[in-house]
Amino acid sequence: MSVTRPVAVPGQVPLGTRVAKRLTGGALYIIVLVVGVIWLIPTLGLFISSFRKASDITGSGWWTVFTHPAQLTFKDYTDVFSNKGIIQSLWNTVLITVPATALVVLLGSLAAYAFAWIDFRGRDWLFVVVVGLMVVPIQVALLPVAALYRNLHIFGSIVGVVLFHVGFGLPFAIYLLRNFFAAIPRELLEATRMEGGSEWTIFRKVIVPLGLPAIASLAIFQFLWVWNDLLVALVFSNAKTQPLTVALQSNMRQFGSNIDILAPGAFLSLSVPLVVFFAFQRYFVQGLMAGSVKG
Amino acid sequence: MADVRFIDATRVFHGAWRPAVDGVDLDVRDGELLVLTGPSGSGKSTLLRMLAGLEPVDSGSVLIGGKDMGRTAPDKRGVSMIFQGFALFPNQTIRENIALPLTMRRSSAKSAAARVQQVAELCGVAEYLNFKPDAVGYDVRQRTTMARAIVRRPDVVCLDEPLAGSGTPLMMRGRSPIAALQRELGITTLYATCSSVDAWSIADRIAVLDSGRVQQLGTPAEVFAAPATIAVAQFLGEPGMNLATAVVVDGVARLGGLAVPLTAAQGAALTGARVVVGIRPEDLTVGADSAEGIRATAVLVRDTGRDYLVTARTVVDGEESDLVVRHSGGPVPAKGESVVLGVRAGAALHLFDAASGVRLPD
Amino acid sequence: MDDSLSAPSAAGDPPAAGPPSPIAHPLAGPSGPSGPSGPHPLAGHGRSPLRIPVRVRAGFLIPAAVILLGIIIWPAVDSIWLSLHNHDGSKWVGLHNYKTLFSDQATLKALKNNVIWVVCAPTIACALGLMFALLSEKIRWSTAFKAVIFMPMAISFLAAGVIFELVYQQDPNQGVANAVAVGIHDTFAPSSKYPGAHPRTDTAKPAAAGSFTSVKTYTAGSVVQLPLVGIQAAKLPGKAAQAAAPSAAPAPDQIEGTVWLDIIYGGGGTPNHIDTGKKGMPGISVKAIDTATGKSAGSASAHNDGTFTIKGLKPGAGYALEIPASNFAQPYRGIQWLGPSLVTPAIIASYLWIWAGFAMVLIAAGLASIPRELQEAARVDGANERQIFRRITVPLLAPVLLVVLVTQIINVLKVFDLVYVIAPGSTLPDANVLAVHMWSVSFGGGQDQGLGSAIGVFLYILVLPAMYFNIRRLRTEKKEGR
């Protein structure tokens, strides 16, 4: 899979046009509209609910705000922002996500460069192993890593959560970046070698700048993956180090009574990925295409 | 400035059963422009890369200025390289691209800037220094890569098919700056190209490679006039030389209805042997029905604008073979018409040993 | 997928092989091997001036390798070891945990749910993706449409869980799913106006399925009074008017009567008597049942003042009056989405909400990459659109569909967050899947390392075919020179 492939080829009339030929004009737009609305409504519901008092949420549907806009309030948000536990967990999310993303990008691109351009024995075979590791379920590693962390006294620490994310992020990172790096013209590397550039120089001066689109894709993917994670944090963090997802999850069991924390909290939790998604949609899609074999 | 010597230089790629460069002995004089030519896969690029230090020398040696370069790092050899596709960094400006060899060597910023300016002016890219390669034309990119190659004052410049993939018009324009600059700077230059037209228009000498070996080395005129092997004969010239197998009888090689006279020495040595007779398209004529000549049928007539290329099919000893004639003046045969091919007066005939492909002594 | 991305050629690779040399090799003599009889003796003999020191190569690889070994490879192996031991790893139990896996009711339920997930979710996601991809190519603002469908991909499962918990709320006043369900239901089957209302037992007694039958038998031509109680006067519809007594002398083939709410708003009045302030109950239907045959002989519905007239009866015959249950039925409360039977489909629906966009984007790209010339050529050859879709689009799209399907299967096997977050505690056992079960068994109170590891290893075995698929695909890509 390539990384640079555009989502649609401009100027090409797609085949689907033919298929959808029978659905002409109005009917087609109605279907599209209905589907679009179905896809938007759940998020819209959460968004609106996050601006309503708990009593309103349990008393009437969020759609009643369209007739009673007076229900809207920032109280839930001010409550959430003054909730020490939630703020701490939001901060933990950042503390986990940023290093986990940075480390995967750094270690992944180093290894990907080696796989793409450094000749060593067993290289192809090792790469097959890396591709194989992409689909290994997290579940198979939870218990042994938990035991390992207890021995290292990092169980419940942010370091542990970060390391686990880095481990399970690396195979995909290496796969994605290696394919992209390998497509960088060999002449550019050799032009640098001809001038005495070391491998490290080539990595910094050629691979990283030219591989930036793939690195961006990877960074976004890893960021979203770690930011949105629940399971890893559920196992490896404790009450002090838990990220937002875990903090919110613990409120889920009393959904009705905690909805005033859950709604704004969940919206807070999804707003950051959503901003990242809309800002870098192109890279996100590219990464998706390139890494669609990942599980 | 330095001369370059390959002594029995051999390169075998990992796992290959045949060397890519096979015992090449080659002397390149100081300041000379040597064109390496031959079909793709003949080892030209590998030879240049061995000189530059991008490929190891598996046996034999490579000398620059009399010094063995076997273990010398690429940047210490005084060799710069112009790559296929130019290898310009799309993320850097023309200025940064040209300065690369200097920045990699950590030259002082001031002297580097001055040198880049100087070289850019020499190559005619001074006004584009702040552009990125994608924003300028093919010609400027080509000049930029030349500027990068000479910015660090190399002894030897290698050009690896730098014009491949460009159309003929660009090629014709593109060739001149390379030759002009090389002459001006007097840098020893090795230029690998697939195009034989390129080869003889700018080269001091050309070396024709095939299967990793040097088939022939000489001035373009020498090589064209007396190709050393069938391979060279076929490769040089557009279209290539016509080749036909003939048997020598009574001092004459018979080619259909055409008797090719041999010298007395040849006749004596070759009687009864099978030889390959080579005739350039320019040396064949299309004539009216006459007694002397090769009877053939015109199967294809191409108008090149200047003249006509007539492909004539003939049967020699029961074997069909096509001969190409460059025809100018006189009536043009129509497709399917029967023609008789003759040899122009004073034309050079080339004889090769049918078994080894080596040129026979005149 | 992109031809511009060429194969990696490391420094030592031979240059790309061009077309075969047109030149015969007349000099291929005894000095060089003349056929592929094994590698040349000099191959790789020379020491490259570019040789990269081992410590440099190691520097690029070792950090990643150490983490991969420590976090994935060694734990995966250790899991196998743990799965052969008891709950705290102190005793070798052989395959006992795997036997439990296939005999324990809770685990079997999880396994069954996983099967439902694997069968349904990937195929439906693919189908939706294909549909959306085709739709989006037809419309003008497809970018916006795609962004809307694709957006949930960026949202965490937890946030999606909260979102769908809201969607699936039981109360139709809170959950949008049930609000829609009730809306649709009431359009086709309007709910009754008087839920909970009933006659006093001295006028009518409860009969089958919530209906009431009069105590007395009435002959045609008589007058009936049916006072009801059980609801608040305020709940009466606005059009309800002061109850009126039926006309004194009905026709011989009719029964006339009044149905009224036997309560005065604010209190007062006499039971079973039409006082001022008591209102009729418009719309209540009353049936006359022939006492001889037990069959319905006619029915009528009450006017605003509560009066009704049942016509077409046999003069003189005796009838019991029935007030059917439909008058008093409780309103439709929607679907119990997160109840035991629907919880898994409901969670799968939320999964599709997230992943349909993924399938759509990949399939849309696949559609766009189908060369236009192919379908044009087919059209020139007289193929119709249906044939083109079946013979060209589908086969060329098949590899993409396969990739989407495999990716989804891997995803679905490992699904955890959605189930764990959405399923309420009470129905979690009904929604259980292996990944969730593994968590509950090993961390969420069970503390059984052996069984937990066995489930993990089992999940791992389930994704092995996908791993094989990926590796084979990698190999094919390499062969194609990419």
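So that you can tell them apart, the chains are marked A, B and C in the order they are listed, and the count of residues begins at 1 in each.
Please note the rule applied: a residue touches a chain if its C-beta (ideal position, glycine included) is under 8 Å from a C-beta of that chain, and two chains touch if they have at least 3 such contacts.
The structure presented is a predicted model; accordingly, all values stated were derived computationally and were not measured.
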Chains in simultaneous contact with chain B and chain C: A
Core chain by centroid distance, with centroids computed from Cα atoms only: A
Centre distance in Å when chain B and chain C are each reduced to the mean of their C-alpha atoms: 68
Rounded Å distance, chain A centre to chain B centre (Cα mean): 54
Intercentroid distance (Cα basis), chain C paired with chain A, Å: 23
Shared-contact residues (touching 2 or more other chains) in chain C: 11-12, 50
For chain B, residues contacting two or more additional chains: 53-54, 73-74
Residues within chain A bordering two or more other chains: 190, 193
Interface residues, chain B side, partner chain C - complex: 10-20, 22-23, 39-42, 45-46, 53-59, 69-74, 210-211, 213, 215, 229-231, 234-235, 355-358
Interfacial residue positions of chain A with respect to chain C in the complex: 1-9, 12-21, 23, 28-29, 31-32, 35-36, 39-43, 45-46, 49, 57-63, 107-108, 110-111, 113-114, 116-120, 127-128, 130-148, 163-164, 166-168, 170-171, 174, 179-183, 186, 190, 193, 198-200, 203, 224, 227-231, 234-235, 245, 248-249, 252-253, 255, 259, 262-263, 265-267, 269-270, 273-274, 276-278, 281, 284-285, 288-289, 292-295
Touching residues (chain side chain C, partner chain B) in the complex: 11-15, 17-28, 31-33, 35-40, 42-50
For the chain B and chain A complex, residues of the former touching the latter: 52-54, 73-76, 79-81, 83-87, 89-91, 100-101, 104-105, 148, 152
Touching residues (chain side chain C, partner chain A) in the complex: 1-2, 4-12, 50, 52, 56-57, 59-61, 63-65, 67-68, 70-76, 78-79, 82, 132-139, 145, 147-167, 172-176, 179, 353, 358, 361-362, 364-365, 367-370, 372, 375, 385, 388-389, 392-393, 403-404, 406-407, 410-411, 413-414, 416-417, 420-421, 424-425, 434-435, 438-439, 442-443, 449, 452-453, 455-457, 459-460, 463, 466-467, 470-471, 473-474, 477, 482
